[in-house]
Amino acid sequence: MSDALPLSVRNIRKSFGRHEVLKGISLDARQGDVISLLGASGSGKSTFLRCINLLEIANGGEIWVDGEQVRWHHKAGRTRVDSQKQIDRIRSNLGMVFQSFNLWSHMTILENVIEGPVHVLKRPKADCRAEAETLLEKVGIADKRNAYPAHLSGGQQQRAAIARALAMKPKVMLFDEPTSALDPELVGDVLRVMRALAEDGMTMLVVTHEMGFARTVSNRVVFMKEGLIDSSGTPDEMFGGAASPAFHQFIGHFER
Amino acid sequence: MSDALPLSVRNIRKSFGRHEVLKGISLDARQGDVISLLGASGSGKSTFLRCINLLEIANGGEIWVDGEQVRWHHKAGRTRVDSQKQIDRIRSNLGMVFQSFNLWSHMTILENVIEGPVHVLKRPKADCRAEAETLLEKVGIADKRNAYPAHLSGGQQQRAAIARALAMKPKVMLFDEPTSALDPELVGDVLRVMRALAEDGMTMLVVTHEMGFARTVSNRVVFMKEGLIDSSGTPDEMFGGAASPAFHQFIGHFER
Amino acid sequence: MASFELLGFGPTGWGALLIGATLMTLAVTAAALAIGAVVGTAVTAAKLSSRVPLKILGNAYTTVFRGVPELLIIYLIYFGGSSVVTAFGKMLGYDGFLGLPSFLAGSLAVGLISAAYQAEVYRGAYLAIATGEIEAALAIGMPRAGRLRRIIMPQVCRFAIPGLGNVWQLSLKDSALISVTGLAELMRTSQVAAGSTRQYFLFFIAGGCLYLLLTSFSDQVFNWFERRANRSMPTATIGKA
Amino acid sequence: MDIGFLYSTFLTLMAALPTTLALFALSVFIGGLLALLVVWMRVSGNPVLSAFAKVYIFVFRGSPLLIQMFLIFYGLAQFSIVRHSFLWPYLREPFDCAVLSLALCTAGYSAEIFRGGIRAVSAKEIEAAKAIGMSGFLLVRRILAPIAFRHALPAYSTEVVLMMKSTALASLVTVWEVTGVAQRLISQTYRTMEVFLCAAVIYLVLNFILLQAFALLEYALSRHRRAPSFATVDAAKTA
Amino acid sequence: KEWKNVTITTEGAYAPWNMTNSQGKIVGFEPDLIKVLCARAKLDCKLVASDWDGMIPALTAGKFDVIMDALSITDERKKVIDFTIPYAVTPAAFATASDSDLAKAPGTGTTLKMTPGEKGVKGIEALRKVFKGKTIGIQAATVYAKFIYDNFGDIATIREYKTGADRDLDLKNGRIDLGFDDAVYFNDAFSAAKGALAFTGPKIAGTIWGEGEGLGVRKSDTDLRDKFNAAIKSALADGTVKTLSMKWFKTDVSP
């Protein structure tokens, strides 16, 4: 199955009450793909990522991870997954960095980072700790390792969340605006970390407002509009002028 | 007192435990000044804004608002303000947009926006509501007026927070990364709103990572580093090359 | 002796007395909850105050009223209360015994106990409010009273409802101890009926069922309030996926 | 005040203290385990288990302990099936019955308290755990339980103190603990206030120690909420 | 102080001495008797129910003026309150399950008169042989409790109950083998138990139980006590107490 796609999404739909947020989204990610997901606020980017790792269960469509279909069913008006085991396994291969960080408030930063490797992947604690220290070093908050999330600045929390996701060594990473709370210097640092990951062949799906990243690091740009994929292509195609007028209007503000 | 400075800060110091976050910061804002506050994550920008409107009480230094000194004292190891009345009055003239939004979770967006005008400024509810609708229109979330904060996307919450601060018609606005959760299109919209405010002569202190804003809208750029003002000047001076090497390294990442 | 005859409303039935007693229990508990809300709010304010003497006072109140057996507090208020009233009457020239009515003494005693529990509930609810939201209120210069009324109280109420449901349950059961004052509430009436007819199980089960009736009625009220108060909150899912 | 009388009363009551403490410790321990079982059923998502837990909580929270204890001790023994079952050696013993009814009752209350703690856990932190592949018992053990327990602690400490006082009812089933002995003393001497004051002091001291222990635990478990410096604790809330 | 209005309290749940009917009215031997006594003492009496536990403190606090609740006159109680002369004296007896092997213990059907502190009585010695190793249930803090501890404490297990009714339930359930209490009380309890319980061994009577049951009053109210004393004397003398006793107890309890 080594030639299976790491991630393949078919025709995903999702509504909140009567409000249809995703109206049928399909997306294939090949090994090593770095896909930038662009779109206006409220266009459903976060919801899309949350559907991929089943934090929201889609109302329709299919999700395939590493050639394996994620199964769910509808029963008595509720949607439930078929096998919790399957989901857990898949999720531990899908890293996620949340828009609102979601660090565990009762653990220090270091504990947050080693939690998954130690207790989900059951790896030796000493190894995990050493790796965690390296990761924290890399994102520049090694000195905060013993602080609790509530005592960190926004940017520090965001970097801790990135370190936590990376510590799981997932096959596919889902980033929800991983640099929103960072200053340009750190944005640079974090983007460098992500670029290195990309070069190592990690598959990534990145919701971002950083056009620089979309243009230079990613090999595909997907533009969402009102719950649909408006246009997508290589950065050259998209930024070169082949994309839809809506996308040009969207990035027009950036070019200013 | 019309020639008094709207905001003047002298030698502010602030520590958390043994960690000195602000090491003596002074800043004067003249009527209509738009000051961009730049600096790395953890350099103390949020803390500085929080000290200005007394959410944190500084360990030393002076704060003058509109020619009036904010008074506090130390007693039995605790720092307390002298007159809560004074603080409340001063605060209602200092608008603040939080990095983490801090919308009131038990109120709808519209209620969040009219809360201050109606209950602090005691203005007629109907007027406030009309103005609030206009403001929400301006930041583009008029359709969410009756939703609760928990049901909004990150960008929508941030815009609601901006509308809430503006509704108070403060003399000085403190913005803590007002565009961090926004997509470029919205960043453009929000920066346009801020530019309009600047043209109306509002005094603003803006923590931002948007160099475009710092360069074109603000008339002063202050660069913080490790709890101190590293360098400051007009955008032309700062971006022109007169600033410190640290600043150049900082923005270097942006220029890439 | 057919048991439904004993529980019925006929000439030998205890039905009417039991219903009356149930209503009496409801009334005493409601009065106690109201007294407790007023006193409890004051105690909460003291406990959260930054003034050390007030804080100590508040903490002492909750420690004593939670730590001392309820029966003793009821005794103290029922007997101690009347000696205070009698002494006061003497001062005004009335010579003789003046008692606190059982209902008043009972609901006052249970109310003061309830206040200690309510204070803990309110304190917990206050601490559950996101600090950022209070800061946001501070930042627009909302004065203390406004903050309390507009931001803190509504959220304290929201967070306190489940805890208040528990306090209501406690007070309902504490009210059973007022039987020492001779007030014909549900527990005493069940016991009197049991002793007078020697049908112990019948009347204890009947009494238990009536308490459950009160509980289910009050649960419904509290659930309604909780649903209303949580309109603005996303529902967290702890189940699968 | 008659010091000699107070002293001898105090000694008499202290002799019953071990009974009170044994009742308390056993019923809190067994009741706590039962509560975990009940709350697990309550939030399991299985409609049958959840309905059972709801009924359990409703019955044991909703009726006075006095009645529960009476029915368990005097009521169950009425049925000859019970008297001839393997349970009778336990149900025959007043002490075992007292512990049983105290534990059943506190399980109902504690289950509801724990459920409140679970509901207070931020949905976002749960999501973060799910996103790295945690679920089931692991999620509960590592994320849910620690946060929920911290939330439930104040209410639970109240419940534990209530249990200490509830042991007083055990004299109904001939287990003579502190309050029962006090009441017996009163019906012998008729010095209600003095005897009750002695009992009150004993309970107050016990409960004070309990509450202090819980406060300490609460403090230890809230490091993540405290600011590292003390000068600015709750600056926003007290300013 | 001129006595006119007097408040009398009773529990209203100690059948047949005093109990509550389904209309909430207090009836029984004592309510009937107090009507007679008040009329003779020319007092305007009000009968109110209160809990047994709070009764004596409530009397001393002044909430009521008189207790009438089958209150035995004991030295212990005399330290706190004052008593009238007794209006009833009752023997005590053992009870057991009718089908128990302890039924018909030696001396069943006879009456044994005892004095306080009396030791080595023959009838008791005979019982000790039969009761060895058994469990005896008594109501806590009564004169009967002391008697059982003194005479059977070394050979039998003794279990103390808060109320006699609880003890009777356990006697039926088989948790205990024997109960010991007021014979008049047992008489009524047996009829409610429909033959499941029965007397065994001799009834125990005499001064060992003190003077009998009297009205309790505050120590300061000697004038009130004297009025009731006179009333009780006359009610005893003309047989009123006996008539009422036969009506409620089917036996004569007048001293």
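As written, the chain order gives the labels A, B, C, D and E, with residue 1 at the start of each chain.
We take it that contacts are C-beta pairs under 8 Å (C-beta built on N, C-alpha and C of every residue); 3 or more make two chains touch, one makes a residue touch a chain.
Predicted model only: the values in this text are computed from it and were never measured.
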Practice task
Could you tell me which two chains share the largest number of C-beta contact pairs?
Solution key: C-D
Problem - Furthest chain, CA centroid comparison against chain A - result: E
Practice task
Could you pull out the chain whose C-alpha mean position is farthest off from that of chain B?
Solution key: E
Problem - chain C and chain E: spacing of chain centres that average the CA atoms, whole Å - result: 38
Fill in the blank from the handout: Expressed in whole Å, how far the mean CA point of chain C lies from that of chain D is 19
Practice task
Can you check how far apart chain B and chain C are, centre to centre, with Cα atoms defining each centre and the answer in Å?
Solution key: 46
Fill in the blank from the handout: Multi-chain contacts in chain D, i.e. residues touching at least two other chains, fall at 74, 78, 122, 130, 135, 192-193, 227-228, 236, 239
Problem - Residue list for chain A, restricted to those that touch at least two other chains - result: 54-55, 84, 87, 100, 151
Completion exercise
For chain E, residue numbers touching 2 or more other chains are 53, 57, 169
Handout entry: Interface residues, chain C side, partner chain B - complex
Key = 50, 130, 132-133, 135-144, 146, 150-151, 154-155, 158, 231-234
Practice task
Could you please specify the touching residues of chain D with respect to chain E in the complex?
Solution key: 74, 77-78, 83, 92, 94, 171-172, 174, 176, 180, 183-184, 186-193
Problem - Touch list for chain A against partner chain B, complex - result: 16, 38-42, 46, 99-100, 151, 153-156, 159, 177, 180-189, 209, 211-212, 249-251, 253-254, 256
Handout entry: chain D to chain C touching residues, read off their complex
Key = 43, 45, 58-59, 61-68, 70-71, 74-75, 78, 109, 112-113, 116, 118-123, 126, 130, 135, 144, 154-155, 158, 161-162, 165, 168, 179, 192-193, 196-197, 199-200, 203-204, 206-208, 211, 236-239
Problem - chain B - residues contacting chain C, complex - result: 50, 53-55, 78, 84-85, 87-96, 98, 100-108, 115-116, 119-120, 148-151, 164-165, 168
